[in-house]
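Below is one structure, written out as structure tokens; the observations come after it.
Should a chain be cited, it is by its letter among A, B and C, assigned in written order, with residues numbered from 1 in that chain.
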Amino acid sequence: MERISVIFEKVRKERPLVHHITNWVTIYDCANVLRTVGALPVMAHAREEVSEMTHISSALVFNIGTLSTGLVESMKIAGKTANKEGKPIVLDAVGAGATSFRNEKVLELIRELKIDVIKGNRSEIASISGLDVLTRGVESTEVAQDMKEIAWKLAREREATVIVTGKEDIVADRNSVYLCQNGHPMMGNIVGTGCMAASLAGAFAAVDEDYAMACLSSLAVFGIAGEIAAGKSFGPGSFKQNLYDALYNLSGNDIKELVKTEKAA
Amino acid sequence: MERISVIFEKVRKERPLVHHITNWVTIYDCANVLRTVGALPVMAHAREEVSEMTHISSALVFNIGTLSTGLVESMKIAGKTANKEGKPIVLDAVGAGATSFRNEKVLELIRELKIDVIKGNRSEIASISGLDVLTRGVESTEVAQDMKEIAWKLAREREATVIVTGKEDIVADRNSVYLCQNGHPMMGNIVGTGCMAASLAGAFAAVDEDYAMACLSSLAVFGIAGEIAAGKSFGPGSFKQNLYDALYNLSGNDIKELVKTEKAA
Amino acid sequence: MERISVIFEKVRKERPLVHHITNWVTIYDCANVLRTVGALPVMAHAREEVSEMTHISSALVFNIGTLSTGLVESMKIAGKTANKEGKPIVLDAVGAGATSFRNEKVLELIRELKIDVIKGNRSEIASISGLDVLTRGVESTEVAQDMKEIAWKLAREREATVIVTGKEDIVADRNSVYLCQNGHPMMGNIVGTGCMAASLAGAFAAVDEDYAMACLSSLAVFGIAGEIAAGKSFGPGSFKQNLYDALYNLSGNDIKELVKTEKAA
């Protein structure tokens, strides 16, 4: 898909500023992955400044990995500004389904704000969809139902783009369902690739109004970088370094040769 | 010791979920080191959810590196659940002996909860034992007394397993004192190896009820990985990457050939 | 300049303890970069202990990257202790000029404490100087005026050493203005080099009372390490690892051969 390279080049050229209210575990990698593709991250969570920070940014990324009541309050303040100004909000629903507190807070955010992109692994998205699943900490558990159907249904109900990460990534919006088979199992051996994917989705959505295509592009680009990096690595330590190098050096040709996406519906 | 490999393989196979309430400096590496050995980390500190998160986990790790009153309150809530459910708690007493606030909070945790594993460097453990020492920030200072005796005494008084890290690591419980000479000075040249060791101790204790043997095993495994990594490194940057690679690839044979542990009492 | 090597060797030999109250994005790298040059970092922000922690430290570093009202309160408490005990305070004014909250808090800190070293990029320093500029998140924007003049004026007004980072770094105090051309564009492709530079400035100021010369030395040393690392790197991932290795292995000879500093006024 030519389109993927075009959106990626727009990110590199326009260098969108992406405001994050995120978790304390992967906050560095969320910022660093954006810098790697030329985008500009800013992390700010004080309620006194989040609205202004969103105002000067082009997208907003929420990650509830280490959420607290205070952080969620700041998300709501920033989110209202983003909604008013028509800037995309990505919500990475880390750990939804693990505790009732996470479930409540995710639903609060989805109810009180217009969330443009809802991202999670299989059990997180199933949990948000109201299915009775238990996320094991922040790890996905098996979901019996067809995730493509679940994602599409959630996308329609919430008028959002829905990303379900896994061996095969799913991107659904009101009209379509896309699949992405790019990626490498080694990505699951380091902490943070999921969070980084959400940050990339934010940067890509900042430069293209077709959020589903922007999200699909970010997943393909990140997955391809992961494949290239894995081929040069001896373990998760070298893999992580190589992932940044690969993403930085990724060319339109690499994407053309390696991309594995399809329209499923 | 055959036993060390057996426990390590159990971690890789059972993939225990380990709940952390930890510091903001090394929170990523604490999570990542567990993923590297196949265990599943979850970091969550909101008082509203810590009890539920501990409930679905197999061990609980506290690290007071950047403690606050709020974090310690969350530790108490989670700790009560762990105690009730018989899940091991590891306390990494980072900086004990540096300020009176840390000293108070460590003693509060030890008094109000049953802490199963107390870990620190020489001056941290000496401080917890009531000796008059000053920890220099989070750095160990010299302690005149025999640390083996101090550790054993503390283990008996607190009915806990005590880990003292240093050039030679000490593990003591009510009955025994073990020593581990594995490790490499380069581990002291990067921030976080001490915290990572505590996280590993939590994962190992999650799969074996003999906490002293589990802790000894985790120290040996981590130290051996450090030795292998140091042999391939040009400085602390490459060392850290190689440490993750080495730990990921560590075999039973590596352990058999390189392990340096002994029973001292 | 012979002087730079001398100060650097003092850091390695005296191993100053540097207390940080900093941001959650680069907190690990701020600590790790100090360990790499032999200094000892301690990160502690609880208001109950910051004064004691500053008391046992040799310098204090503030970074407002992810500031909150609570963190700034802790900075004020620690800062008063540092001022009373004559220990240098470095303020990294991350994002000054991006939101009114940051602007207010920076000015509060400068007004209520004696800040010895004020560090920022071009638009951050311009903003603190009262010029009408907008920092884009934490990214510098163009400033029309001569930054050397702005820095020198601010240094005189605030009786501080002022660091302006950029392609060419500026260090100004009451009497002099220095320039440093060391560094490499790849340093801007990873998150955290600016924050690490502030931490190094703190460690260098801890061992030499001529803060301007200490700051200049830290910038030169870090920039030279960046140049060496860039020559061995394939992208930002390998660069970051090589940066730590290069800084760890940096010799007086490297400095002598590569240093590019000058006195501009």
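One rule holds for everything that comes next: contacts are C-beta pairs under 8 Å (C-beta built on N, C-alpha and C of every residue); 3 or more make two chains touch, one makes a residue touch a chain.
For clarity, every value in this text was computed on a predicted model and none was experimentally measured.
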item	value
Co-neighbours of chain B and chain A - touch as defined	C
Turn needed to bring chain A onto chain C - CA fit, degrees, nearest 5	120
Geometric centre distance via CA averages, chain C-chain B, whole Å	33
Residues of chain B engaged with two or more neighbouring chains	24, 28, 240-241
Residues of chain A touching chain B in the complex	23-26, 28-29, 65-69, 95, 98-102, 134, 136-139, 189-192, 233-238, 240-241
Footprint of chain B on chain C - complex, ascending	17, 19, 24, 27-28, 31-32, 35-36, 40-46, 48-49, 52-53, 56-57, 240-249
